[in-house]
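Encoded as structure tokens, the structure appears first; notes follow it.
Just so it is clear, A, B, C and D label the chains in written order, and each chain counts residues from 1 on its own.
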Amino acid sequence: MTLHMTKTQKLLRIMGNNMVPILFLVICAFGIPLSGYSANFLASEIVIRISRNSFLIVSLLIPILAGMGLNFGMTLGAMAGQIGLILISDWGIVGIPGIILAMIISTPISVLLGWWCGKILNMARGREMVTSYIIGFFMNGIYQLVVLYGMGAVIPVRSNALLLPRGYGIRNTVNLIGIRRALDDLLLIRLFGIPIPLATLLVITVLCLFILWFKKTKLGQDMRAVGQDMEVARAAGIKVEHTRIISIVISTVFAGYGMILYLQNIGTLNTYNSHMQIGMFSVAALLVGGASVSKANIRNVFLGVILFHLMFIISPMAGKNLIGQAQLGEYFRVFVSYGVITISLVLYEVRKKRDQHYVGLQLAADQEALQ
Amino acid sequence: MGLLGENGAGKSTLMKILFGMDEIHQTGGYGGDIIINGEKVQFSSPIDALAKGIGMVHQEFSLLPDFTATENILLNREPLKYTVFSELFGERLNILDREKMDQIAERAIGRLKVPLDKDMMVSQMPVGHKQFTEIARELSKEATDVVEGIKLLVLDEPTAVLSEQEADSLLKAMRLLSESGISIIFISHRLQEIIDVCNTIMVMRDGQIIKTVPSQGVVIADIARWMVGRDVGSSKREARGFDYENTPVLLSLQNLWVDMPGEVVRDVSLDVHKGEILGIGGMAGQGKLGIPNGAMGLFPAGGKVIFEGKEIALNNPRHFLDAGMAFVSEDRRGVGLLLDESLEWNISFTAMQIQEKYLKRYLGGLLKWRDQAAIEEETESYVKQLEIRCTSTKQKAKELSGGNQQKVCLAKAFAVGPKLLFVSEPTRGIDIGAKSLVLKALRKYNEENGTTIVMISSELEELRAICDRVAIISDGKVFGILPATTDSAEFGLLMIGQKSQVLEGGSV
Amino acid sequence: MNLQQLTSSAKGLVKSFGLPRIIIGLFLLSLFITAPFVGVNIGTSLSDTFNRFGMNAVMVLAMVPMIHSGCGLNFGLPLGIIAGLLGATISLQVNIPGPTSFLLAILFATPFAVILGWGYGQLLNRVKGGEMMIATYVGFSSVAFMCIMWLLLPFSNPTMVWGYSGTGLRTTISTEGYYRHVLNDFLSIQLTDHLTIPTGMLLFFALLACIIWAFLHTKTGTAMTAVGSNSVFARASGINVDKIRTLSVIMSTWLGAIGILVYQQSFGFIQLYMGPFYMALPAVSAILIGGASVNKASILNVVIGTFLFQGIVTMTPSVMNSMIHTDMSEVIRIVVSNGMILYALTRKAEVTR
Amino acid sequence: MKLALTRTFWFRFVAILIILVFAVVLFFIGKQHTVLIDNKTVTVGGQEIRALQLVEIQIDNKDSMELAARDRDKEDVTGQKHSVTVIYTDSNWEEYTIERTFEVPLMQEMVLLSIPTLVANPEADQSLWLENYEPPTYAVTAADREEEVIIDDLSVLLTDI
């Protein structure tokens, strides 16, 4: 069934499908000169952002593959990762071993949380996104219960540098001096004065390869099937619920690792806040890369990181030079991050509707042809 | 082997039994034996039916749009290449063996001898190719140690959605298969096909096998009679003379098209005379349901609807209702009722919204207050009139039985006091008692208030019982209009898309 | 036999009242019982509860119209709040002290609420099915957008703008001298020196509640309920579904605007910038605790829900503090409220046909 | 979920085992200790050992440091086994080099290495010149003031990521 569209309609459709990235290109095109940053500075910043964030964003891909939309529940993974980091910095494990150990600790926690999250999402079918979003908030409460009241009281944490003076609960900020940039500096080379953390990028590459490989596996195929039509998949004997849960688990675990890499680059853990906004920013970046709620690939991830963070870096400076208030730029980028998510969610829903009306349009066309 | 019969004759039920689908087990199971190759079998689920080498292609496709033909054919049965991860995470982490998949798909398609591109996305396929993909999937189920290769293939109305030439190539493919030793049960409404392709023909009606004959020398007329049942002229009903010359045309549909999924109306032109009861019949999926839904504006529609001489704008129920028409939908739970609300609401709502009944006005009509008393009164009267069985008028609609729900829907329509009433499948899924009551109510309403009624039903006999004329819809077009008194065999012919000589004489 | 009847009836009661609500209710009750033993004054805590009830009830009420018209939980409440903030700031800018400023605020807020609500409604009509997620982000992005606006808008009233720069609004603005406590103090009853009842505020809420209740009994209100209950049915009865939905969204937005004004007059401060950011969640969970579901809600739900929720929010810190000398109230609040929302989201999915 | 002793199960079992072992190993090699090197006059078993005038110390292969008398310095090391190299010249300008390896207890944050003791009896067991050191707690707590915890802080939305 092909409804003949005019050239302009086609063009508009293409524009519509890539609206968000185009929008961002425009913003950056205006912003860069305004900010007055040097190309070199921007380049090095971008490299840092890529090595810092892309792992987190990649962790969003698999649930999308399984048709569960954007997994705002990745916050759960982030929490697991943070718990791992808190523990190792209490034990005083440093450097690469520290990072790996943190990952090992985070894994079982992520798996459990992910499993639970997946179960809930299966119950709330059709509104996965908002549910996973609320799950994030809910778990944040539990996380605080554990970290703010459990640690030092129930879970043994001894280091005074971590504990609040009252003897239990972790401080607002934990200094991760032990593992700070441990991975980044492992293999740091300079290209035209731009420092490039090869080791981190290598890890990310491996992950991307894994994703590509994963799509080839039976599990990947099943997820694609489930993502397209649960009923058909079920009829074919695929364990739909189980598959969906697995996709969330994988995503959560990766989110945990991503969070650890992210924090080893930052160097300080914002105990009660780091994880909260990470989900939002990752999702925004992915969408900026041209992904939609139902379709996303690795290209989107990297395009997204570059465009989104370019905007992020330049906006305060641009704001300052424009109106003389850096704060304005900061608000602006928050606005943009949320705006982007809003826009792409709306576009997604609208497009879904449009495709449903496709048949009707065609029938109408036939009738016109007849008369 | 060709299997045919009217809708609800029990064809699909039989097939479901054969497949041991769970709805059979839920709804009281079945008696008798199924014997395959001499051995008695008892399937508890479709899976072990498949294991016995029985494949079925359902009417509605179960294909994934963004998968290629190959991927769909081998869905969840993909051959795998070993990877080391599978030891750790189970074999679902093995890689798909694309070459092997292609081979199997090619072989399966090859057996059909149809031009089906195995790498084409299903979403881009013409409907015929989708059909072939489905069949190919069944064929690709080859003998393994657990599963026997496909031996018996059931095709449930495969040609209903196909164009002529597509159908032809499908029939060819079927012959090939049967020659290659696969037995096929072929369910269809297109009798000619059945006669052409089948060796044996089995006709069902009211859950019984009426006839099982070899296809040689069978003529369509016979089959039609077997299907519809009653022999020529056996129908007995008080035909009320209705003279069309002196009664004005109340509603006329002109080149109406409706995009109602599964019930597409292509080009319908109809005149409805004042005070008559017009029946609209036809096979499922031919578009008869689309007509009222389109006219009402529940589905995107085009063409002309002229009521009492003035044209009614389409695609907005408001105009339809304001003009003084009402519609009792076939989809009771979806469209007909507010399941979570009381009977009062269900019955009074439409009238309240359209004609501002049951409202108290304050501040010079600025504030329109719901008049509970009036609503209860009205509801009570309808409950009595239609013998709706309910604990109280406050009862929620979802707690009623199907029959009573249908009555509520009628009451809702009556409350509007329409000049013309569309009633769609009024007796679907309700017990005999309720059936006759509903039909009586309709007839009574028509005779007392002179309301014109257009009744859509797939049960020919009930149409013939209460209508003055019956129009048969086929392939989204009016295929013929006959007085209800006409012999049912004629209708049978019309339904299955056969013009007959009598038609010219009979049509008004 | 008798016992069986008893248990069955008990089960029925639980079913009708909803298990989570009972649990929360009992929890609150136990808090009130334990309070005096750990040296917390019942009077103060009660009047706190009443006070917070009055402050938040209207915003909870703002959920009702959208739920009725099937637009789901109004996570987009911040939009309404922004309308309210605009009203408040403009009324302060006009700079007429005393109760009048409150009326002015409502007056100024209304057009914004209507316009924003209308646009918001149009948007939601285009995204039927995905409302809640989009509502959430509409709320967030509008808050972020207004952050920019608060900096740029040309307000000049010295009580509002930053002292040093002279431009850009402060993060918190005192309503002292304008409409601080205009409702609280109106006919407020001083029972004991601890227990005071903010009659005015409660009356104001009662008024609005009655208006909504009445509206739901009018023709349009009936239509709205029908749209929420089964939009196809409504459409088949000749109702313009989109129009009704838009109307409901406008109402919700307006109530949100009024809600924040009531909140401010009692709280004494106008919180700008990120202030409204998370205000939707407590309101949403409150009405859910009250027994509403994603597509059914009544005024009663609002009252019960707000009381339970605010009761817990007020009681837990004081009682907890004096019991185990740590303030876990924040955590409890987060868990309870979001847990409630989760419960509702999952439960709805089960009953959908 | 019943436990089936399938091939896969064993693979998983072994994998988990390996990971656990690996984790423990990481703990050993990743644990950070602080070695305090101290060049003070000390009295060991009644007899006084005088501090050296100037001494050059090198822990593992980190860059070496020079300590005058009564100096104290520290070095952060990871893992348990370490080597220390002491280079000093005695009164008649003769240069001596002592190289010893020592092992830090696993859960010990800080150890104190007394150079004079080590130089005095280079062959002695490490327990003689290496003692566990607990940092005085007041040093940390003194700096402390009660800090209140900000849980949902919206300013983080503005902070850099």
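Methods note: a contact is a pair of C-beta atoms (placed from the backbone, for glycine too) under 8 Å apart; a residue touches a chain by one contact, two chains touch by 3 or more.
In this text, all values refer to a predicted model and were calculated from it rather than measured experimentally.
J.: Which chains are joined by the largest number of contacting C-beta pairs?
T.: Greatest count of contact pairs is found between chains A-C.
J.: Quick check on this structure: which chain has its C-alpha centroid closest to the centroid of all protein C-alpha atoms?
T.: A
J.: So, what's the distance in Å between the C-alpha centres of chain D and chain B?
T.: So the centroids are 81 Å from each other.
J.: Can you give the whole-Å distance between the Cα centres of chain B and chain C?
T.: Between these chains, centre-to-centre, one finds 48 Å.
J.: How many angstrom between the C-alpha centroids of chain C and chain A?
T.: 31
J.: So, what's the distance in Å between the C-alpha centres of chain D and chain A?
T.: Each chain's C-alpha centroid was found; their separation is 39 Å.
J.: At which residue positions does chain D touch at least two other chains?
T.: 151-152, 157
J.: Counting only residues that touch at least 2 other chains, which ones in chain C make the list?
T.: Residues 330-331, 334 of chain C each touch two or more of the other chains.
J.: Can you list the residues of chain A that touch 2 or more other chains?
T.: Each of 144, 148, 331, 334 in chain A touches at least two other chains.
J.: Would you mind writing out the residues of chain B in touch with chain D in their complex?
T.: For chain B paired with chain D, touching residues are 87-88, 90.
J.: Which of the residues in chain A come into contact with chain D in the complex?
T.: The contact residues of chain A facing chain D are 53, 88, 91-98, 100-101, 104-105, 144, 148, 160-161, 164-166, 169, 171-172, 178, 270, 272-274, 276-278, 281, 312, 330-331, 334.
J.: If you look only at chain D, which of its residues touch chain B in the complex?
T.: Within the complex, chain D contacts chain B at residues 7-8, 11-12, 15.
J.: For chain A, which residues count as touching chain B in their complex?
T.: 213, 216-219, 221-222, 224-225, 228-229, 231-233, 235-238, 357, 359-360, 363-364, 366-367, 370-371
J.: Would you pull the chain B residues touching chain A in the complex into a rising list?
T.: Listed in rising order, the residues of chain B that touch chain A are 47, 62-67, 71, 75-78, 80, 83, 91-96, 255, 257, 259, 261, 264, 267, 300, 302-303.
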